[in-house]
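Below, each structure is written out as structure tokens.
You will see subunit A twice below: alongside subunit B first, and alongside subunit C after that.
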Partner chain A sequence: MVSLVLVSHSRSLAEGLRDMVAQVAGDSVPIAIAGGTEDGRLGTSAPAILDAIRSVDRPEGVLVLLDLGSAALSLEMALEELTSGERERVVVSEAPLVEGAVLAGVQASLDADIATVAEAAASAASMTKLPR
Partner chain B sequence: MPEIRLTVVDPSGLHARPAARFVQLASRFASRIVLRHDGREADAKSLISMLGLAVRPQGEISLAADGPDADQALASLAEELGPFVMPVTGRP
Partner chain C sequence: MPALASTTVFVTEGMIEAWLRLSATRLRERSRELTELDQAIGDGDHGINVDRGFTAVAAMLDGRSADPAAPAPDVAGTLKQTAQTLIRTVGGASGPLYGTFFLKASASLAGSPQPTLGDLIAALDAGAAGVATIGGGQPGDKTMLDALTPALSAARERLTSGAVDQVLAVAADAAEAGAAATIPMQARKGRASYLGERSIGHQDPGATSSAILLRALADSFQG
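Coming up: the complex of A and B.
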């Protein structure tokens, strides 16, 4: 099953989102989080992102979602540390974090492949929220 | 194409968790399964499509399936949705 890595500037945001995805998608989807800096401040940490990716690395692939573009720098540093084999299994999503994580989580729970899970996450950008 | 009509009785309407359960179950069937509400139609195998319907409490939905396992799919889905819906009675 495809796994998810949730990267946020806030640890509590990442933890809360992990709980939410687990409740909606079910416990079968592996989810790792990297939230905040190593000393507990708001921010992102390349080592924490690297650890998170490796903790849920699996043959089916890992989809990484992030909250703000500034996390992309830490993410890039983390990705550079991966072996080429590991790197091939990782897909980074442009999707909005909360909506993307929920949609990707449910898609992953259906045993979909990484391309389909990434596509579900990407569809979050056009998701309507208010009833029409 | 078999179709069943249901009323959503859950006080939160068709919210994320039941919708996700629904998608997970619908995906096990080969049939095309659609959920209709208020003149719109959603693919029951797609969460974004389902949530886009924004079904409110007491909203009426109909569930239709087309394919080799259509009857079985509708029966299973109606059962899965059990706590959230009630059959619409006295109507075709």
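Coming up: the complex of A and C.
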């Protein structure tokens, strides 16, 4: 099963989002989070992201979703630390974090492959919120 | 006295340590100013973040020198430990960016037990190239590179002309001018880019901290 890594500046946001995804995707989808700095401030940490990715590394693949600003830079550093074998299994999503994680979680729970899970996350960018 | 050839000026580990310690002091002194610049166009944590990071670097240097079992550090090793400390402690964008800067500089000096001033400039160049790669930026985007790039090109030019004195002072001057030149720029990278035209009229905090680092380099090597 594809696993998810949620990267946010805020530990609370990452933890809360993990709960939201588990609610719709069930407990079977492996989800790791990297939220905040090592000392509990708002921010991102390359070592924390690296640990999160490795903790849910699966042959089926790992989809990483992230929030804004330095999250991308820290992720970039973490990806550089991966072996080429590990790196091949990781896909980084451009999706908005919350909606993307929920949609990806649902697809992952259906045992979809990494491309399908990533596509579901990406579709979040054009999702409407209010009823039309 | 005739100018010495650039290759005869060696950079010791002690000089690098002095630079890092002076940088920590200067960034602390100017932390509030950096944070105010970042409040204008970013998320307002740049001063706090670089202060925290370089305070941790100074603590790392202290801890190392208090440990009699620690192996004698070399220039590349110290730069690498600096990178690792910044990556672990900063949290904001400046962590991965300055982390990459020092990491690539370190890699460039690996295998040079006795680097020259020219080697150091080349290493800092490699560091700036790493920043451009990871951040996807270039000069003119209102970033650290607007201080680093003109500084290192001024240093290279001065080295090529054979005048090693003032190489670092010339670099620091160019970095400060580069940082000031970010004021009319519109940000195209980082949190400030979300502001669009509203980012115009403010000096970039990252370029400012880079200029502080390069001035500290010039001052610590002289003194």
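In this text, the second predicted complex is superposed on the first by the 131 of 132 C-alpha atoms of A that agree within 3 Å, B and C clash if a C-alpha of one lies under 4 Å from a C-alpha of the other, contacts with A are read in each partner's own complex, and residues count from 1 in each chain.
The criterion applied here is as follows: a residue touches a chain if its C-beta (ideal position, glycine included) is under 8 Å from a C-beta of that chain, and two chains touch if they have at least 3 such contacts.
All values reported here derive from a predicted model rather than from experimental measurement.
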* **Which of subunit B and subunit C A:125 touches, first, second, both or neither** => neither
* Would you sort A:115 into first (subunit B), second (subunit C), both or neither based on which partner it touches? => neither
* What is the contact status of A:26 with respect to subunit B (first) and subunit C (second): first, second, both, or neither? -> first
* Does subunit B (first) or subunit C (second) touch A:74, or do both, or does neither? -> second
* Once the shared chain is lined up, is A:46 touching subunit B (first), subunit C (second), both, or neither of them? -> second
* To do: Would you mind listing the overlap between the subunit B footprint and the subunit C footprint on subunit A?
  => none
* For subunit A, which residues count as touching subunit C in their complex? -> 36-39, 41-47, 68-70, 73-74, 76-77
* Structure fact -> subunit C residues touching subunit A in their complex are 43, 45, 49, 87-97, 99-100, 134-135, 190-191
* **Residue numbers on subunit A that touch subunit B, as the complex places them** => 23-26, 102-103, 106-107, 109-110, 120, 123-124, 127-128, 130-132
* Asked: In their shared complex, at which residues does subunit B touch subunit A?
  -> 16-17, 20, 23-24, 27, 47-48, 51-52, 54, 56
